[in-house]
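Presented below are the structures under discussion, each in the form of structure tokens.
Heads up, the next two complexes both have chain A, just with different partners, chain B and then chain C.
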Partner chain A sequence: MEALIESIMRGLGQGSVYAMLGLGFVIVYKGTEVVNFAQPALMILGAFLVSWFTFDAGVPFFAALPLAMLAAALLGAAIERIALRPMVGQPVFSAAMVTVGVFFALLTVATRLIGTDIRRTGDPWGLDVLLIGDVRLFQVDIAKLVIGVLAFLVVGAYFKYSRSGLAIRATASDQETALAQGVKVGRMFGLSWALAGALGALAGAFIGAGGVGFEPISALVALKALPAIILGGLDSIKGALIGGLVIGVIESLSRTYQPGIAPWLGANFDQVVPYLVMLIVLMIRPYGLFGTPEIERV
Partner chain B sequence: MLTIEGLEVVYEDVILVLKGVSLTVPDGEIVTLLGANGAGKTPVLRAITGLLDVHRGAIRKGSINLDGKPIHHLDAPGTVAAGIGQVMEGRRIFVDFTIDENLRIGAHTADRGTIEANLDRIYTLFPILAQRRKQVAGYLSGGEQQMLAIGRALMAEPKLLLLDEPSLGLAPLIVQQIRDLIVEINEQGTSVLLVEQNANMALSISQHGYILETGKVVMDKPAAVLRDDEDVREFYLGLREEGAASFRDVKHYKRRKRWLS
Partner chain C sequence: MTSRTATSTPASSPSTPTVPPTGSSAKTSSRLRRGRPELYTDYAADMAMFNTPAKRLWTGLLLVGLLILPFYLDRSWTSLFITVFIFAIGAIGLNLVSGYAGQVSLGHAFFIGLGAFTAAYFGGTDPNFLGLGLDMAIWLPMAGIVPAIVGWAVAPLASRVRGLYLAIVTLGLLFVGGHFFNEFTSLTGGPNLGRTAAPPVLFGVDFSSAGPLLGIEMTARQRIYFLTLVFVIVAAVLARNLTRSKVGRAFAAVRDRDIAAEVMGVPLARTKQSAFAISSFYAGICGGLISLTSGGRLDPINFAGAEGLFLSVTFLAMVLIGGPATISGSLMGAAFVVFLPRFVETVAHYVPAIGSSGLFSVQQLENILFGVFIVAFLILEPRGLFGLWLRVRNYWKAYPFSY
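Right after this comes the complex of A and B.
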């Protein structure tokens, strides 16, 4: 029983990171119809920024986090302006390919910056645990879950109540009509990317937290946000949260139990599980749990 | 006052859809622009509101001035800021927004301080909408959606309101309501350029009318004169029953084609 609860909590923690990344994907996808393959690179650069602020600039972690988010937001907006704005009006597939290019460019930069050592983000949780009876929960997992849910609440309120949040949604729903309301559509694209950058940095701050550290290749972790948003629905914010958490928990449970129950599936099976879930979802419900089914215009 | 002089518009660099249109909307008046399908009414509005480029169109010649200031080089947000509001053809409300959100996005360029007062004003003008503020707008009826689109345009307190076929697809009773609302909005101080195929309704409330045919103004007269004109009566006032019916068929066919493309 303790093992089960502990495993679920680890999954919720990791799943929150997928959810933050998924949220970045979803915002850019909704706002600009582009699948943003640069998101993993934004995350790893964000992780580096947090690490740089804490260790090189000597800023406390909780100040480094917003600073890194701000810097990554500016980076996101700059990428949109330089690399993606010229693609407006081109097929979205071409724009998605541009983001692949941006991914490799940023990853190269990140690799240079991070170097060969494993870096740390200087988070305050480390390997500390919270003991509830016999259940040992890592504090970092609780922090990931709390901050992840908080991020969703803040983003949700932003889209519902703020002027620019409403304008991003209007742009997503009908660009011409948004223009007719006086919305500067290009600026909304930039804002979507800025949000994606900030969320990337937030996820990045946690990727190396809990005593594990990160290296350039840790960027690949962010790819698991893809199964998460496909499960939740590419255009659903709620879906990103639930998809992220579900994928995190499934992954964690299979790590805990699969070696005992089904050892014949081989080692590291948990690494594959998110993608298996993704394939199954694509086969039976391609628009995900909360996504909008593709509307046939006849 | 809006003044358009010698306006030429091309689509795709080669399709000339407006061939020297001149038109004036004096302050405080309602001016009607009539024309059959494809005459070029919507391109006139798109030229005024900076939306041509979205449709791969451009102004080739001519000028558009609002109160003496040229506005033909402005982009769409620029024209909104200059004081022009519009209700696009087909209403184009944000179906996944609530009614409240649809109105608030209309105030995107407005001073924040004006929003609550304008919401009140619009909910007084359209009590039906007030009861359903928090509901998703996609579930409104056609007439209610038209009212919402008009309300949304009013949120920015435009000096000039452009309406593209507001009566389209609405039952006669609702058309009456919309008509009365346009009059009321005009009386509250907004000039109106009304694009219509329902000449009866449009000419009954406007001071002046223009008739557009294949990109040219072929008539430019006080509304009262147009109401009595034989040709206008025949072609636009629906006195030839079959003609009126077939116009509508053409329209629906065109709509479907546009969705598919």
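Right after this comes the complex of A and C.
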């Protein structure tokens, strides 16, 4: 029983990281109709920035976090302006391939910056645990969940109540109409990317948290946000949160129980469980739990 | 121009511009066309593989060049050309599904890996792993057929979703398949260990050792060069023919507007399915041969997880840089991607910022350039290297006028 609760809590912690990344994917997808394959690179660069600010610049973790988010937001906006803006009006396939190219280039930059050692983000939680009865919960997982949910509330409120949030929603719903209403559509694209960058950095700060550290290849963890948003629905913010948490818990449970129940599935099977879930979801309900079913019009 | 046409046309046939009746000898049409390379007198001539004399000439020269090249190149360059040929086969496959049929696939590395290990199963002679030790005449076709069947089987899942969803599905396939490669150790040897691949013994002739080929004494590398050259030519001609056929036009229709294609009577699901199967066949052949570039060993890690994703992106880069929906573009793209590292290494000797102590290592600079080239080509010349060539050709075609 303790093992189950502990496993679920670890899953919720990891799942909130997927949810934050998924939110970045969803914002860009809703705003520009492009699946942003550069998100993993933004995340790993964000992780490096947090690490650099805390260890090399000596800034405390909680000050380094917003600084890194700001820097990653600027980077995101710059990518949009340089690489994605010229692709407006081109097929979304081409635009997505542009993000793949950006991913490749930025990941290499991150590899160069991070070097061969495992870096740490200098988070205050480390391997500390919270004991409730016999249940040992990692503090970092609780922090991930709290900050993850907080991030969703902030972003949700931003979209709902602020002027520019409304403008982003208008752009997402109909670009031409938004343009006719005086919304600067191009700037909204940039803003979407900036949000995605900031969320990437936030997730990056937690990818190496809890005493595990990160290396360049940790960027691929961010791709697990794709199963999360497929499950939740590619264009649903609520879906990103729930999808992320569900994927995180499923992954964690399979890590805890699969070696005992089904060892024939092989080591590290939990690493592919999210993708299997995604393939099943796509077979049964391609638009996810909260996504809008695609309506075809000729 | 008119005078040239007149002189080349015999006086006995005054009706030069009229279309000769169908079934007239090819001789007449070739005489008619002298100096007028774009005059086509029937549909077959227009759709011919080499529809202009210039194309025939340059393809012939390229072929002759490729045939004499290995006798003048050193070992490392011959190896690079072998890699180009093998990668080109995979690039053609990806171009068929992504360039022609418009279905983005990030799972190409999975099918390449599947081909590689299928080949190892049917042709492998290592007693420590599964292997039947059959001839290349059997294991190479099987390396294509098995991935094609798997591609055919997963395509219905893929064709349920469109566009970018498909990219995500194939990404999932890549990771799930990579897990399978890593865990099926009796076949694949396991990650970081690997196994020996099927030896390239075709009809009893071992191409991995020196010996005579068609009466000429050659090194092993030269023999493999010619073997892979033949394969790539066959693959390219077959693909080119496919794209000129009904199937190829169906691919293009699905890519350009899938609903409109369906309205016109193109069976959507089946077209996507066959595009996937054919592309997987090419990927499998590429995978079956890929061990020839890595010293006859296969390691599942190269087709799984991060490495697999990079391999898939590398093939996408070949298609996008070379030119989507062109076979010659796939060849150019493969050559570009394979030669780029060599080029960077050469340049690195003269630029102090590159190197182990500099800003970026050679390897890192290559990867960055990869990404930058993908982005730059998509933004500046979406038709890829093929498009650049078209620009040059059209400039000289209209010379001295600008268009």
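Note that in this section the second predicted complex is superposed on the first by the 297 of 298 C-alpha atoms of A that agree within 3 Å, B and C clash if a C-alpha of one lies under 4 Å from a C-alpha of the other, contacts with A are read in each partner's own complex, and residues count from 1 in each chain.
Just so we're on the same page, a contact is a pair of C-beta atoms (placed from the backbone, for glycine too) under 8 Å apart; a residue touches a chain by one contact, two chains touch by 3 or more.
Fair warning: this is a prediction, and the values are worked out from it, not measured in the lab.
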item	value
Side-by-side fit of chain B and chain C on chain A, or clash	fit
First (chain B), second (chain C), both or neither touched by A:Met69	neither
First, second, both or neither for A:Pro227, with chain B first and chain C second	second
Dominant toucher of chain A (residue count), chain B or chain C	C
Superposed arrangement, angle subtended at the Cα centre of chain A by chain B and chain C, nearest 10 degrees	90
Touched partner set for A:Gly266, first chain B, second chain C, both or neither	second
First (chain B), second (chain C), both or neither touched by A:Val155	neither
First, second, both or neither for A:Gly182, with chain B first and chain C second	first
Touching partner for A:Gly101 - first (chain B), second (chain C), both, neither	second
Chain B versus chain C as contact partner of A:Met283, first or second or both or neither	second
Minimum C-alpha separation between chain B and chain C after superposing on chain A, in Å	10
Residues on chain A lying within both footprints (that of chain B and that of chain C)	298
Residues of chain A defined as touching chain C within the complex	34-35, 37, 83, 86-87, 90, 92-94, 96-98, 100-109, 111-112, 217, 220, 223, 226-227, 230, 234, 265-269, 271-272, 275-276, 278-279, 282-283, 286, 294, 296, 298
Partner chain A, residues of chain C touching it in the complex	102, 104, 157, 160-165, 167-169, 171-173, 175-176, 178-179, 182-183, 259-260, 263, 305-306, 309-310, 313, 316-317, 320, 359-361, 364, 367-368, 370-375, 378-379, 382
Complex contacts: residues of chain B adjacent to chain A	49-51, 54, 75-77, 80-81, 86, 88, 92, 94-97, 101, 104-106, 108-109, 112, 152, 156, 259-260
Complex contact set, residues of chain A against chain B	163, 166-167, 169-170, 173-184, 297-298
